[in-house]
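In the two assemblies presented below, subunit A is common to both, partnered first by subunit B and then by subunit C.
== the complex of A and B ==
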């Protein structure tokens, strides 16, 4: 397979234009530049974390080799020593036709820095594949490369091809599969050019904004929410120099891609290549770690599956996705459930139940242990009667008998959990205290990628970087029960309500329901259900998206009420201080703008204020009230008229009047027809508006028609007058 | 053990030697292999070698340490050995290349005028077999089952039509309905086990059962390199290869079924895509190999000609060792 692909690649580059054939190169970033895998990444780089018992980087390198890449530059930053040592001791350093070179850096804090450094080294010649060391794929690069080269030949500005994959556009799939936010891409369906990339859609507003010129320049644009970014890019040499030119580019997507898309001076273009049957995904957080592990066990990544990658038939696949190494000690009464991987030399005791899990090498698991959906790495000791659900347990951990891990727990290296101790859900436990113990060269794995400014890798600054995380809990080691060793970390910056998003544990059903509701257009429903569903212990509501939607909804009502109050206050001041009508109009307009209201709302509010004034001025009978109202209307008719530009607004006023009669000032209800007549006389309302209002009310409920009936006489008179005119 | 070590030594030594030395001993090896009437096998070759090198055939570890002390003797002996092995491998390669023709030569004996032949998937041996019969002016029709999910049958049908054969393409599931009109089922194999069972492309067990039901002969074409000295034990799983489910389903369309983040984290959908079927020997009517037609019950004899007990040890060592 590899040979065939290589042949194909060679053929591509035999084109006359490229007489000097460059070997296909790749840059592999062996550093995620994020903090999502803390606390594990404090001690080991992310790319060396085992994925179904094989380090992640092996999947990436195996894929690169099979895809015909000949030279790989592995960029190591955090824990660079560990990565280099691993690569040197592995088979990768001695492969013929596949060169793995490492580039070490101690002061790069982002992908942008890494690429700038690689540019300075002048090792990349021609097109290259840009990938991070935590990507699993089995796609064939041949076609994507060919497309890229052909586009380049036609248009030198087509500098990058991004690999995307279709994913079900269900609102929760992105979140529940890979733990990432919903991603929107605008793609030109003919040329496959990427026009817009939005990974943080503004839920609160429920819309994404596209540049107007984008629509104007492209005859057709398709907006996708069903595409998954595979984080595999085929780039031309220019990409590196672009990073150098724009020294503020840090993040590959957030800065570079968006920067290129916005920048129309240089005119660089990004294209997409969609893969269909093959697999590609990147491990971004614990949830995608879980999902991709399961995809691997289900063999979507074939041939990059444990039994093939290990070679020598050291691991065998059996029925129901059970992968077993050849030398394991398994009690006869143990129930080894579906979809598990068990590594070499592991012992499993009596009546232990294991399902949907990965067990590493050299583990000792006692009797009556329940392990479900968990990832247990190498040399872990689990004593009798423990229970593990949806947890990650790193190398060398000891769980004393009867200990329980609730869903979402992460135990970092060599932690000891005491007897009968229950580790609460979503806790992170490490031997290291939260942010304080960091070596200078370790900080890089988790320097916050979103911070745009360059931070120097000094121990003091580390404190600053992490000080915005919540404060360390300097608890005693007995935090983990009797004989326990380790610190329970307090929750990350995301706060309590966010922890489930990126955890290995499945999303609780109430959260899922809430995500679904987030998407629901019926905001009323959302508000109610959101409150009902919110579990007592989990703060009020779980996502800011939800929060702000609630807020928006309630806010708009609140806004109107306070707007009405402001208008009323303005109006009263005008009445008492004899302010000129023009000035009042100006003030109301200003209010309208600041509250973001329509002129319909102004008319309603002013009319409401007028009626309220009439009601509040002293009166003893309805006839006096009528006179009061008539006075007010006559005095301020110009003000009202200036906000009544068309019939719709006039109808709105009538509706408002109905509302007033029904709710705030019931005294008006007997006078409804008279005041309507008055408004007609003063030319505030036109007869069309009144008749339209009556027509609209025709189909309404009996209770709604009360005022139409009251005004029946007046309406009839209007109709007759109209006929006479005809 | 002996075979493994010796071949490892010769592989490790150097690749440069391979180019300048072969001429030297080629003639001797050729003569040696000609003198034995049996087809060339690694075992027969290695048995011969120690005699010609005048060293007693001891356990290989002893031989190795001895060889290190007398380096000159060792190098000449190991070179000789290496070339013998290379020659034997070349012979095997040649055998594999010519086995299609040798099998195809027998086609006219099996395919008769106006018969209907059914096959599943695609096999080069089957293609050449059918074409050989066609060239001998036999007139017959071929039903090709498409062989989901890889649909190799489509390619075979195309090839057959290009060679002027009357071809009908059917789905795998239509095999049972069509089998009553078929005179003979001819298929290729991935491997033939020591008990006469066949590891074949997925779907063939079903075809064999259908053929048995209607008493249609089920003929397997297999070059002698496909003979395997193992006895099948749990062949459906252990001798199988599970490929990516994406050949069956589009991942994008079904990504919501692969949603592990909801519910209890256990996927409800599991897609299994085995590459091979195991056809038990009782369902096979005849094997046609490059040495002629054989019954399933005779396969173990044939295999004994090609493999010795020592070869089996070589086969098993890496499995248990690593």
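== the complex of A and C ==
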């Protein structure tokens, strides 16, 4: 690793007095607190997974060393023993000027917990680099650090500098390249201050919302969809104490960054540093594993490439991006390349074709095997005639002759695939059974399994149980064909349509087209018709409120607007996730209490949400709109009824409806009488309420009576019915 | 240039009472002793855009405006005057005169715009990009005289809502988002689709829509026909076009139909299309083109249209006369920092009409203007003010930061600060006015003092 040392010494000489005070420190999180790499991560921590035959953590550590970091605290949680053992046995424990210390925890379930624990240890003094152990980069920290320090001198509140990178200019690049969620960032172009960070599409699906104060404070703001978050952060000490102060912060981005930006805690600010020519990316899922492996093979990450990193087991680089370790037995008739890595002691048989793949150490590959775009780890046996496309095959796997892996398959440790068996696309196969309990919070799962089940996988790895397993699962009944060992994990709820998104296999073209269309769909609804929606694309909820509570002061009006928004969000969630009506009632009641609203307001807000849903569902004519509205009302009538206790509340609903027709969704106005009738038929509104509403309007202005007139026929009918009864 | 210009001159705007009246509609309000409409027409003439329709609200006002234009621009401009009912909004005004529009592109200018940005540049930019709409954007003016500070209080109520929130592409050529009116006070919501297409969007709150737009006629008419609820160009039509720029399903298929109808026009129109396509292709493909290309052939090709922005350089002057404060600011600026809008400036940085009579020890400071035929008594002071024609001003009068229109009589010892005095007003002796507006023909009795009031004759 001579090349990197140069960087380290150069850094020292540049800024001697700064470093004299504090050696540059880094916190490396050797646990991603996610479950994206299951089932592999049930048995081995993510940071030790090989990337072009070298554990991921080595890339991260090598970069930290080259970037001038002198002390690294490796935080281990899941499979902490394996990480610590690995670090102790590797060169990293004996490097001069580069201290690697481990911090072990058994009960941390998030990055937040990890940082709180580190804070308690009091090991960090001054600025530090926060990185997770799955990040590959070759950027120089010098400039970013300098910027960070200068900003700190001027403004003590600038506590974090986030590294971002331009991603390729295509609308779907992020999906197709790294498989990460699409990210929107607002950055002040002059100061580079980060103003907004949104990585999860929330309820406002087709839109991104910027706070008005943010715009007012910054005459110019650049909103980016073309940047990629590298997950390399330069932090000041305050970051750790902030995590301790806000004990509910778990996720670095979702809680910490958004928390700082949204809640404006103590005026702390986050800045960005953009890198242009150097490389930085984080392995977040199988897709980014694939992409980053390819980048490494194509030497974008130089000097962090296999031949430079592995000084000891001389790897030769040949033309067409072929990396060969020593002692490889290669048949003459085998066709190798382009862009492949072959590990030490691997044997490859006759007429075998391998391209765009990584083959680990000590593998045995038979004849007539086709391997394309796959990652085969160590000591894998692939018998004759197998076919692998875009698959990940972990250590010790055996593929019996003629077995086929379709794109996107992951075979975890020591799985055996039976003869001629075809593993269907996107399957996850493991010796371990799929954990039955699917925790709703994905961040908890990994940690749970790691603290609870650690013993189990290690026992199995030893092979004690493997024999039992193979006995019990032997025979034609096995999920993996004759002689196969392992369970095919069922794709769990929610992940069903998403499997291709994060898989190693390239995204099928039809899916690509689908992404594009999906993304547009929701916007289609919102912008379909300029009449339906105000220019912001939103129903003018506040103007409704203005009218209904004209006399009230500003504050309560704002309250009502946000209350209405909350109710709407609750309602939409109920619609999309099929929440039971009882639960919705509970939630709305809770909202009512927290906003100090009357139940009259609840009825109004729920009715508003229902109508908004109806108007946003696709429709081309008013009769379709009527049908939409009827559907929504029929489905959710119980919800609405439960808030209509007396006649005043019913009148409120009618008034609300008038407002909707007048202002936010004028499309409804021709349907006013029809929908009123519908509400009456469904027993949502009683005739008394409707008649009283009409009476109240009697004395109103001419303009105010438009809807009474529209409904005149219906009112007439009601009155007559009443008289008859009398 | 095949451009038709529509000047929306307005009528008797409520914002500007008591300055405007039946006799002086808004287009004829004096800015440095010239009607405000002069500045727009002058700029259009300079850009060789001579085919105009001036739209005035109200028949009486239209007669007055028409009379003035034919008197001033006789033979220089080809002007049609169209009277439209009041309160139909700018979109309504265009609808009303729609049948007069024949050219391929329409330039719509607000008659209250006082600017040195050449309209021709906006038109050229529009043509170059083959855009559906091009909006001129300028920097938000810094309102209120900084040194007096007297109008500070008034500003606060007027300043919000005056500017826009505007989204631009990195090249600052395309308009990606625009928020107007009440939306500015809310959180800004941006379409992710546009963001995805363009990758990076700059959000500016320091730019203002100057109400000068170039429209493709076919699209403008189509939109106005189909969406009869659109009221205002600025608040409805422009945001609508901007919002739908990546999927203008109805808008684009209008064009081939237009070609079918008019047989004799087909050839010329084809040429026009060709030229604009060549021009558009000459530049690197915009995100619109990239977005409309399907990614694998199976997705339907989307229709897009371009909304462009012409951003006036920060040194240029641009202001709209749409409030009393703006009226004062513009009067001050046109005689002051933006005096290049006027052609004749004397050595003292002020303009004193040829036949004005000044008493002894009377000083007229820089950035002032005195209309011809006005007389001033002894020991008067005029600072940063505009005084109209044929005014009679007594002795010991102080006029600071004010606008005095024509035929005003000011008695001895009056002090006028930050005020607007309309035509034919009579101020008797020792009147003190601060931040006041005095409507036409009003008489202020001797010795009275007013502060921050609006004085006008009662309506009959």
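Operating definition for what follows: the second predicted complex is superposed on the first by the 445 of 726 C-alpha atoms of A that agree within 3 Å, B and C clash if a C-alpha of one lies under 4 Å from a C-alpha of the other, contacts with A are read in each partner's own complex, and residues count from 1 in each chain.
Note that in this section a contact is a pair of C-beta atoms (placed from the backbone, for glycine too) under 8 Å apart; a residue touches a chain by one contact, two chains touch by 3 or more.
As the structure is a computational prediction, the values presented were derived from the model and not from experiment.
J.: Does subunit B (first) or subunit C (second) touch A:301, or do both, or does neither?
T.: First partner only.
J.: Just checking: does A:184 make contact with subunit B only, subunit C only, both, or neither of them? Give me first, second, both or neither.
T.: second
J.: Touching A:291, do we find subunit B (first), subunit C (second), both, or neither?
T.: first
J.: Which partner chains sit in contact with A:666 here, subunit B, subunit C, both or neither? Use first/second/both/neither.
T.: A:666: touches subunit C, not subunit B.
J.: Check whether A:326 is in contact with subunit B, with subunit C, with both or with neither, and answer first, second, both or neither.
T.: first
J.: Can A:316 be said to touch subunit B (first), subunit C (second), both, or neither?
T.: A:316 contacts subunit B only, not subunit C.
J.: Is A:279 contacted by the first partner subunit B, the second partner subunit C, both or neither?
T.: first
J.: Have a look at where A:226 lands relative to subunit B and subunit C in the superposition and call it first, second, both or neither.
T.: In the superposition, A:226 contacts both subunit B and subunit C.
J.: Looking at A:211 after the superposition, I want to know if it touches subunit B, subunit C, both of them or none. Which is it: first, second, both, neither?
T.: Only subunit C is touched by A:211; subunit B is not.
J.: With the touch criterion stated at the top, can you tell me which subunit A residues are shared between the subunit B interface and the subunit C interface?
T.: The overlap between the subunit B and subunit C interfaces on subunit A comprises residues 172, 226, 509, 512.
J.: In their complex, what parts of subunit A are in touch with subunit C?
T.: Its residues touching subunit C are 169, 171-172, 182, 184, 186, 189, 201, 204-212, 215-216, 218-226, 509-510, 512-513, 516-517, 519-520, 523-524, 527, 530-531, 534-538, 542, 666.
J.: Okay, in this complex, where on subunit B does subunit A touch?
T.: Of all residues in subunit B, those touching subunit A are 237-238, 242-247, 250-256, 258-267, 270-271, 273, 318-320, 322.
J.: Residues of subunit A touching subunit B in their complex?
T.: Where subunit A meets subunit B, its residues are 138, 165-168, 170, 172-173, 175-177, 179, 226, 276-279, 287, 290-291, 294-295, 298-303, 312-314, 316-321, 326, 338-339, 355-356, 372-373, 390, 505-507, 509, 512.
J.: Would you pull the subunit C residues touching subunit A in the complex into a rising list?
T.: 165, 167, 179-180, 183-193, 195-206, 227, 229-230, 235-236, 239-240, 243-244, 247, 291, 294-296, 298-299
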